[in-house]
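All remarks here apply to the structure that follows.
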């Protein structure tokens, strides 16, 4: 039961994480957009704030916009604005400054605070506020990716957070395969709590017998693929994947660099040698697929993943490596099985509508459905995900060539 | 049971169709490659011949290659040839001439004829010959697409074949939806005859209740979408589809042009007004998907399509509009239901491996599996398909933006 | 005669202008590189400092580099650095921060100060220091262009400097043409003071009778060209210019936008209506050439310009509109003739070597000669040029399509 | 004095050369457009015919166009045609066939023959006919380039004409430099015969003392540059030239390929080892400029070239290697000096208007002036030029990166 008090606490807690994530950054770090997929941190801070101003506060009489221009600066769906003379380019937007955006956040939070603390929590506004908070959590995950990209492509390799994570002397759990029996299973979100439209359409799927790996593939295991010539033998690759592999300047995961024959990589804890015991990250779907084929396995479908997770690890694992712990790196998986957290796991399922999927009316209807082509589903969340944002039914999706996100590999096989 | 006699007849019949399809062309028409997806007709004629020379004849002692250079000229998988100084570009290859390629065909056919008429039909070679024939039939379908593209982009709009097809005065069958009940169904090829690797892996899928249209969407029905502003309202479109729609110079199917306010299109029978009673063709997946959404329906999955086809129209329909009839245009569907022929039908399924799919060893293993990303499945065959080449389990696939192939729309819905 | 005292004053004065030019900027404004031709202001500040550290200070025993990494970060000629793992991209370089770069400047200036105040002004080092100062003045001009680009493409149109420049109520000098008689003239720098290698090779050219405009073309005059359909009639344009004109989204000079039918433009004094009495700026060579042809005139050659300037306005005009006056905008030309200042003037001469031009040895030899193809010469300096940096023989050069620089049109004709 | 008889002979002679040049081609060779600069031979045949039909025949009452559609198919200046639905793409235009285009030529020639044999040679039409003939000669030169490109990029390297040209055992003339004294010279065409607009504007230029090479640079001399690492040392190159050099897959002239360590090249006489005694051909301006700098010389200006040619080799040299001799290859230069023929020679002059240049009225005014930016002048003609088409004042021009044309290097220096 949502009360003003609980809502206020939740609102504050989520909102403050965005600014906390940006605290190690300089004003300069907030501005740039190195590639189209990476947004400036400043833009995330403004855009998530704009959501609450536009969809909540502006419905209240007497509320004055913080700045009339921010509407089109921070509207991600913006395409053309009739009376405006310039197209907005996120990565060139040096103004408003970071300080001005922080003022914007404070202004909006002050007004939201009044409302969530004492306002009437109507059935109309509550879902919008909830969507705004979930939306902010999604952008927090992107913030981590984007911050890593900006710092990790700076030749000075700045440290984001000094980290004590080190598992070099330990061993990860042995790799084994968890069996699941054939049958008709139910897929999709079936409950009362918040969830996205793309999880809806509870439906049945038939699964044949299969088994799924108990943990993610490690850097050490992936290095065998590299050292075995994995990137230079076309037989392991999808045809488009092979073009991708040939186009890579460095035949290795993103952020990897060979220094004096030793593989290093940029992490949010700085530039350091690759730890063979940690899960491999920042690989494309093409690489995940090629690795699995080379190894004699395959990737799981998203349905297999969901069913196995429900069977072996029901419920969200708050002890998993989520952003709650502020580790900002994958950690070694020593538990016997671990589905949630650490890294999003590429599945072999392309991102498409569930049966009975319905697009919602209005702007909110644009949320997920329109991306349902040419993308692959990932499951499980990552060290950049909030534990109270994720579920086993949660469907993330990326184009198969993308590597800046926190993703890894879980293997599967027929049995 | 395959005998020398039956094999010889089959070989001759299939091989001669390729040259028959090119007969209306001038030497000049055989040469060009207008876009990357369209190969010069001459190249198809040479490549299909190269297949038999390389995989069959060259295994026989004493066989002399027709021309040592043809190996790399007509090898579609060719990437780099060490001792060669020039990269082959299909669309610039004015030599060998059409006549020389026809000599090549005759030379190879003469040698093949000796073999199929009197040779021992070993378990080793028979499957290769069969694959070569199926491969040639696939290229015959592409030949029709490519010939249409070459002629249809010439400002003189040359007629390929004067056609008597005209249904302007008749009515197509009424559109209705055929119901299929929920259940676990078997999918994939389950028999003894030729089939492709991508149909293998017979497996079960659960389908919820659904209904599927008895016939394809007509030009007239699609015109309503155009006239209703379908191409200019982003709400109907996938996000990538919307970018595609905006990029179209003409907001209509490929080959359509408006002349004095009347929609015309290029057909292999010449440039003529669009007939509202015929099935709409040459639309991308994006357009098929947008049309279905606008109309309040959806596209079927490839599983739904296969199950419905098996239920309502078991077996291949030789009376359907296949290339056997040399119509070279879609025809009006007056039967109560018609799944096979006329136009390939976009499904909402992305092209991926069936469970238990196995890549074959060697070059033949490259056949289909490596294309299993970013493409959509189409079912049913078209007026460019041979009736003895297709099955209800046959999986064709194209990237979602492609329109030069003979494809159309069949609607579906949940019930 | 250069003394320690005069050198010190000159060094300080030039160095401080760079920081003064950046004073109105926020840290965020210093970082971005919107297009390839625009460098981040921070980079200019670092690069000009790197010049003194590398070519002067590092030759002194005991000097310690401020930061070992700055060498490759701020070296504009940098192409590959063996031991480095990342390619430097100026526009993504959020670190070092602006403050760190300012510390770098202070550190280098402190060490330079010791040297210029009390060091031996050797024949070896003096020319290098002088080149460093001239080099910094060139970057100051670019700084003004780049700052204008960054602010002028921000939808908030931030004001760089509130300006009192306004000539709306006055009239510019009447346009008339100054005659020059035919003859053999001497071209190129002939003196003892600093000059660039591309001015060397004093040589003779024969000029036929001609006349050159006493002042620049005004916004009002250029508007007639626009309103007369100048941008839509191919006959006025060079063939490549016509392609350029068609590609322009707004058929007008850069920074111009039509608001409610009135032409406005971004200036460093803010967004304001175009003043018809001021010189037109931010046009490409293509536009200058098309305007001249439309008007029945032509552009002068660089030789005609130099001879006319020497005849009508010998010596540098310190009263001209140079950056010394901190106007940051073109001003109305009320004098009877005015060659120097305000805006660089496109000539019809392509940028090529003078007879007897010699490339200097070593890195400094790369200075100018290698750009001598596909660029056009501009003469006269602009409101972003220092008066003690420019001469009538000074040859600036840009590709014909560039518009972000401060350039304008001076007409000429045969007589 | 032009008579009907002389005009008829001249018309026939020039027109038949076009068809003679295409005689070794197959229909397939006539169709393709491998790169934007290369037009299909068929198009040249049609376009030159269209010129006479449009600008001469269509002015006569009663003349019927051969085909109404050919107007836009063969109009090179065509940009948009209102009532047409398709943009013409030369390289996709498989129809009309070669035979149909030859019929078009015969039809137009038959009608022209009537006119030139018995018509009144008015002051209006004579210049148009003359321009048509000169225009055809220009396209004949392009035909040779384009045919070479089409055949020379075919992996079978078809022979165009078996050639007896071979100078491997002889020595070219010794390289020496012909001096020219400083002074004011007259430049441009000054006579009564046909010439192009870009040669007009006779004017004076002052030249300093210089000397110019007596012959072209040979393959053997250029090989020293290659073997000396000329393509991999940035110091020899213009900045844009360096980018060009790095982009070359083969660091050598166009058509060169290394086979077993020996440099070969495609010639119209077939694929053969490079002859060190013949002039080097198919190099860009960038390479000519880099070679000259590496060798310690420079390229001549177009004025130096014209003055030296007039002084040392006045008048057109019909014995020079022009297309009249049907050699289709450069030949060894054994004369003491040779300016005309063999290969066009890159000059260091960018292509710009002479003083007093005037654009003619109407379509013919588009002829040359609009290309006067970003191109370099070449002088002298080539083995693809007709001797009665060229003059010492003739100005050819190409973009600095182009190599498919027949061009070479003549050195110069200051003295």
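Which chain is which? They are A, B, C and D, in the order written, and residues in each are numbered from 1.
What we mean here is this: a residue touches a chain if its C-beta (ideal position, glycine included) is under 8 Å from a C-beta of that chain, and two chains touch if they have at least 3 such contacts.
This structure is a prediction, so every number in the text was calculated from the model and none was measured.
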item	value
Graph separation of chain B and chain D (steps between touching chains)	1
Far-end chain from chain C, centres as C-alpha averages	B
Centre-of-Cα separation between chain D and chain C, whole angstrom	39
Cα-centroid distance, chain A relative to chain D, in whole angstrom	60
Chain D, residues touching no fewer than two other chains	none
All chain pairs that touch each other	A-B, A-C, B-D, C-D
Residues of chain D defined as touching chain B within the complex	26-32, 34, 42, 69, 72-73, 84-86, 88-89, 91-98, 150-151, 153-156, 158, 257-259, 264
Touching residues on chain D, where the partner in the complex is chain C	184, 203-206, 208, 237-242, 285-286, 289, 298, 348-350, 352-353, 355-356, 365, 370-374, 376, 400, 414
